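Could you have a look at this structure, given as structure tokens, before my questions?
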Amino acid sequence: MLDTELLQEGLALMGFGMGFVFVFLTLLVIATTLMSRVVDRLVPAPEPKAPAAAPARQDDEELLAVLSAAVHRYRQRHRR
Amino acid sequence: MLDTELLQEGLALMGFGMGFVFVFLTLLVIATTLMSRVVDRLVPAPEPKAPAAAPARQDDEELLAVLSAAVHRYRQRHRR
Amino acid sequence: MLDTELLQEGLALMGFGMGFVFVFLTLLVIATTLMSRVVDRLVPAPEPKAPAAAPARQDDEELLAVLSAAVHRYRQRHRR
Amino acid sequence: MDKLLTLWYGSGLYNLGLGQVVMIVIGLLLLYLAIHKKFEPLLLVPIGFGGILANIPEAGLALSALDQAIEVARPAVLQELAAVMQVSLAGSDVEAWRTTLYGAAHDGLPPELVRAATDIAKGAGYSNGMLYQFYSVAIASGVAPLVIFMGVGAMTDFGPLLANPRTLFLGAAAQFGIFATLMGAVGLTALGVMDFSLNQAAAIGIIGGADGPTSIYVSSILAPELLGAIAVAAYAYMALVPLIQPPIMRALTSEKERAIAMSQLRPVSKLEKIVFPLVLLVLVALFLPDAAPLLGMFCFGNLMRECGVVERLSDTAQNALINIVTIFLGLSVGSKLVASQFLAVETLGIMGLGVVAFAIGTAAGILMAKLLNAVSKVPINPLIGSAGVSAVPMAARVSNKVGLEANPHNFLLMHAMGPNVAGVIGSAVAAGVMIKYLG
Amino acid sequence: MDKLLTLWYGSGLYNLGLGQVVMIVIGLLLLYLAIHKKFEPLLLVPIGFGGILANIPEAGLALSALDQAIEVARPAVLQELAAVMQVSLAGSDVEAWRTTLYGAAHDGLPPELVRAATDIAKGAGYSNGMLYQFYSVAIASGVAPLVIFMGVGAMTDFGPLLANPRTLFLGAAAQFGIFATLMGAVGLTALGVMDFSLNQAAAIGIIGGADGPTSIYVSSILAPELLGAIAVAAYAYMALVPLIQPPIMRALTSEKERAIAMSQLRPVSKLEKIVFPLVLLVLVALFLPDAAPLLGMFCFGNLMRECGVVERLSDTAQNALINIVTIFLGLSVGSKLVASQFLAVETLGIMGLGVVAFAIGTAAGILMAKLLNAVSKVPINPLIGSAGVSAVPMAARVSNKVGLEANPHNFLLMHAMGPNVAGVIGSAVAAGVMIKYLG
Amino acid sequence: MDKLLTLWYGSGLYNLGLGQVVMIVIGLLLLYLAIHKKFEPLLLVPIGFGGILANIPEAGLALSALDQAIEVARPAVLQELAAVMQVSLAGSDVEAWRTTLYGAAHDGLPPELVRAATDIAKGAGYSNGMLYQFYSVAIASGVAPLVIFMGVGAMTDFGPLLANPRTLFLGAAAQFGIFATLMGAVGLTALGVMDFSLNQAAAIGIIGGADGPTSIYVSSILAPELLGAIAVAAYAYMALVPLIQPPIMRALTSEKERAIAMSQLRPVSKLEKIVFPLVLLVLVALFLPDAAPLLGMFCFGNLMRECGVVERLSDTAQNALINIVTIFLGLSVGSKLVASQFLAVETLGIMGLGVVAFAIGTAAGILMAKLLNAVSKVPINPLIGSAGVSAVPMAARVSNKVGLEANPHNFLLMHAMGPNVAGVIGSAVAAGVMIKYLG
């Protein structure tokens, strides 16, 4: 292959490649947006349920932090 | 293979197969029963030792339940 | 191979082999010692930092022991 | 412009066949059943996804390098292939050439010619598809189902069975589903409705064993061309056990029988549990060597579990190892869901026979339990007979649930675990008999 | 005495070439960067160590049995090899014979002759080196990068991308780094500075995708001889993202742009997350089948993660399985760091082009974000554009950090995760295009 | 009736040979030792079970497709095999034909003829046995012992050795057990009692290294036909270390020597621990490339452990990966426990020589420690010398226990860990020397 041929091939691949990436991801944007709308219509997005679960007990959170640390240390010690 | 031949082959295989399954599992029942008897004679079945271990402390069980939940949540959070 | 040949081969291999093992491990002793010295000069061995970390809270240790046991039982129960 | 056309001619949309569309929809349906309906998701998610991958046009993920070359290579390459495969290509219709070559490659081409043709395909830049490689390593070698069976062994507690060995008879009886289905497939062929060989009929029958790995293992040996349909049927019907079994159970038992209370199981010692897999292994060695791979690995897994000294191996067999193998086994099974193989009237036959197999197995188990009840002094609730089809532990749960309806204080779960694990042994024995005669 | 000499002639010290010394030092340097500087240690520790192993003189760990025989066998064995390889060995210089045989073995020798020559090599006591075996199973088959991609899919949360699908454009733009680098490699060749084929240029370009497994997968197909240098460049520059990107980001944006606050992301439902990998899979199937292995496994991993019914498989894919494969992938890549292949001026070119690729990709992502900002009503902070190169999650963290410098209350991390994971998809698509045209 | 006879002629009971009965009993005995006596259960449970599987009559689990065909195929198939193997079958005694074919297949049949014969065997429906496949992938490739060695490296703490590098001499001395045993095997052959080749003698000697994976690796290269007996001996005697060593230790030391207190070990820095595996690797590269696979993987595992940046890889190497490989390694070793190979007088010789190897290694280690004690100012308790045979960490515990008997305040465990891990290096070096000369 001559050098100019190689350059041309490279340019062509760049053009096609970059173009294809954009076309494909544009299709994906469209498909994703449509999908989200369909899903939202079929199954309306639930209210964020965090408030119900989180404040159950603040103490719990603290206990959990202590526990997490303890479990972590336990694991590290027993790993080797 | 003619169709009647195939049917005969199938019937023969069904007969032999089902028979063999029964004979084999019957042998297994016999062998297992004998084995259990021999084992029981060699090593008399130990008394159920649950009573000794279980009531150690009821509190422990409760703590364990709390811990289990905590550990479970800890794990779920840290898994991803 | 005649038997005496085999014996000679065996003796030679024993001599070479044992010699090589010693030479190699001697080199390793030398290299390790040098390495330790170089490392020690580059990065002076840190003071043992255990005292700082360990006595943080004695209670913690006790809690940890309880937790470890609990976690262990939790795991055993849930493994199968 | 030229390149744009290449892209278009090589795109999936341009090459999409109707069969592939149907198969992709079937793959999505399997995923829906697995995810939304919780139909054996551990297997049906990988199988469904693998099925979609296998039907992506032009990608050839489920094809060998040679098949891939036959399907898409330039005419010059096809002529080279024809030369080494000693096939003559008539006419100038390239599609006809491909059909000729495909036929030759899959109809007893001597192995040395397969090697030579594969060399040409690889030299022309084609390589084995990803799913084809997974299939070769995981299923064609027989290894994946065996390793999964080892893991299942490591998760199985034979305690209830050891406490009441008579339940092995229930596990034996339920295998009648296997052989009745075999006869069904043979009968459909004799009637000219379908066209199954005896080997295929046997592989279909094993669906009645309600054991995924056993089904896959047997059909990979006896009828690999049906493996996709058989595996899908086996797992789908296993998931349907809670729907299929209860009507049959109610029809074959009286209210009074369903309310029978069973005496508590005796405690089983650790040593019995250790020795049992060895007893089973020795019996297999003496009487049915052809079941040795399946039951050998199963017993090995169980021994690791019970012996108490190799916990880390047992843990790994039950977790990391079985999970890894499940992923690749599922994708490999999916590779057999290519349109040309799956979209045949035979698949409908397999689906139909599969549900019959479960029904007959269930009925046979219950009738055997009634028989045992009639001849034995110790009462036995016939509902635990249906658990003999295996489908561990779903079938045992169904026995328990139907039992509770009749007598809310009667917990049959542990009693049903006996026939349930006996059914695993029973179908492996049946598989061994099939392989012995037909393998 | 004879034996002592054998030991000395067979020792590493006697046979050590300068190239091997240099490569061992490079291996140690990679380990230093990985361990002390924390440069992508999960890959660079195995790669660096594998590189050292591959350059141990006489051990031949990275060589096939045949290459090993060609390199060290007695003249008689070389003559046997020449006979079956149908090569004539001129003169009596054994080293020249080795060169001739090596050339013949690696320049289109027909596969049946390779087999025959390998038979002779094995018969003479040579066997495939350990790293060569790892490479064959893990990389040459294409399996290891795909399994890692599955694990990456199982660790990826598409939530931020689904909440703001426009960020896919940023992921697309950043792939310009890939194609610009390809042109760079082609340009250097046209200028006569380097000598890269189009396939090699494409494999080098993929470094700009900032995705280790994608780079390895593409170069194993298009340019296996450059795989070592490409993988090292890809992982090294990924680790350097926090150094390479910020200056470019600051140069292309104004203080005011960097301070743009973005509106909070909407919550994304579980169902959307489950369906997204299937939508992506179907698009791949329809429009770019050549990306099906990479994106198929990625989507499969992500589906396992999100579907919620196969947690044990998802866990294994994210932990035991990806770790096991990473170990062997790293060692296998290391096997390509043999002196004769790595110590070429091309490697310098690859290193230089690699950093250019990252820089251009970063710039393209930012410019695309500015464009989106200009045409859209919803404000978008251009700093998240740089995350489009992927290098998950490092590039997103860089966006966040540079954003915090301009506006200490503006947390861009979650917003930058959108283009970040879009970049993974983008480079896999680019990889598919490359393979379609050149594979 | 015909079919019933087939079943009977194909049953294990009909075909059971005395050798197979004996081997199954030996397998059960190994399981008893592993489970009840806790003899290295992680290996001996899979080995024992694999040994039973390998001896199931007619199942051919440990045979290749070709061997399986030779053993059980119909006369017509045997004639086809003879044709392609270029062997003439005299007479009409089919059993004699089998013997002829088996001899031809295992005595230097050219690889292309092996391929052709295997094609015929597979065409006739025979396939590679399950254990044969495990053996090929796990051991014949050399991979499994190496991966286990990597895991062992990841579990090894070189701290005590680095604190007191002199203990490497103890690890060197204990390897005398290896070479003395080699001479023992050679001597028995010279005396005409046994018939070992030099390669076999070397493989037997390595038992004295008290390192399972090293033994398996070396004998898979030098004497695969003895692998079963060697592996069983190696693991069995490792488990017997607490019985074999103490009498020798007491006989060679005085009460006063045994009571010697050793000064506390200095703390070893993290950096030393990171650099040590690299120092060892470089020495191996320079002086003994043939030990590179074994010690390379060992050092790699240790580097992953110590470097602190790849914890997830190190964890996997120590758990999921080593467990998976152990299961298949064990079953594969079991595949070498077939009656025809194991039930030979040579096995008795191996068992006898193995215990001698351990005893001599123990003695050499202790004598070397006494020597060091004599020439050095820093006191060294000779009891730690016995730990140089490796058998990590059992031998170190034995040193500690015997030391406590003499001086209840003297804890030798950490001091003995130095020679203990030095012994691992020492035997890998010895293995490298063997492979260099004989491989």
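The first chain written gets the first letter, and so on, giving A, B, C, D, E and F; residue counts start at 1 in each chain.
Throughout what follows, contacts are C-beta pairs under 8 Å (C-beta built on N, C-alpha and C of every residue); 3 or more make two chains touch, one makes a residue touch a chain.
As the structure is a prediction and not an experimental result, all values here were calculated from the model.
Chemist: By mean C-alpha coordinates, which chain is most distant from chain E?
Modeler: Of all the other chains, the one whose centre lies farthest from chain E is B.
Chemist: Can you tell me which chain lies farthest from chain C, using the average of the Cα atoms as each chain's centre?
Modeler: Centre of mass proxy via C-alpha means gives D as farthest from chain C.
Chemist: What whole-Å value do you get for the distance between chain E and chain F if each is reduced to the mean of its CA atoms?
Modeler: Going by mean C-alpha positions, chain E sits 37 Å from chain F.
Chemist: Could you state the distance in Å from the CA-based centre of chain C to that of chain D?
Modeler: The computed centroid separation for chain C versus chain D comes out at 47 Å.
Chemist: In whole angstrom, how far does the Cα centroid of chain A sit from the Cα centroid of chain B?
Modeler: Roughly 42 Å, centre to centre.
Chemist: If you look at chain B, which of its residues touch at least two other chains?
Modeler: 16, 20, 67, 71
Chemist: List, in ascending order, every residue of chain E touching at least 2 other chains.
Modeler: Those would be 3, 7, 287-288, 315, 320, 437.
Chemist: Where on chain A is chain E touching in the complex?
Modeler: Residue list for chain A touching chain E: 1, 3-4, 6-7, 9-11, 13-14, 16-18, 20-22, 24-29, 31-33, 35-36, 39-40, 42-43, 45-46, 48.
Chemist: Please name which positions on chain E make contact with chain D in the complex.
Modeler: Result: residues 110-112, 141-143, 146, 150, 274, 278, 281-282, 284-290, 292-293, 296-297, 299-300, 303-304, 307-310, 312-313, 315-317, 320-321, 436-437, 439 of chain E touch chain D.
Chemist: List the residues on chain F that touch chain D in their complex, please.
Modeler: Residues 3, 6-7, 10-13, 16, 24, 28, 31, 34-35, 38, 41-42, 45-46, 49, 52-53, 55-59, 61, 116, 119, 122-123, 125, 127, 130, 133, 319-320, 323-324, 326-327, 331 of chain F touch chain D in their complex.
Chemist: Across the complex, what residues on chain E touch chain A?
Modeler: Result: residues 161-162, 165-166, 168-169, 171-172, 175-176, 178-180, 182-183, 185-187, 189-190, 192, 198, 201-202, 267-269, 271-272, 275-276, 279-280, 283, 287-288, 422, 425-426, 429-430, 433-434, 437-438 of chain E touch chain A.
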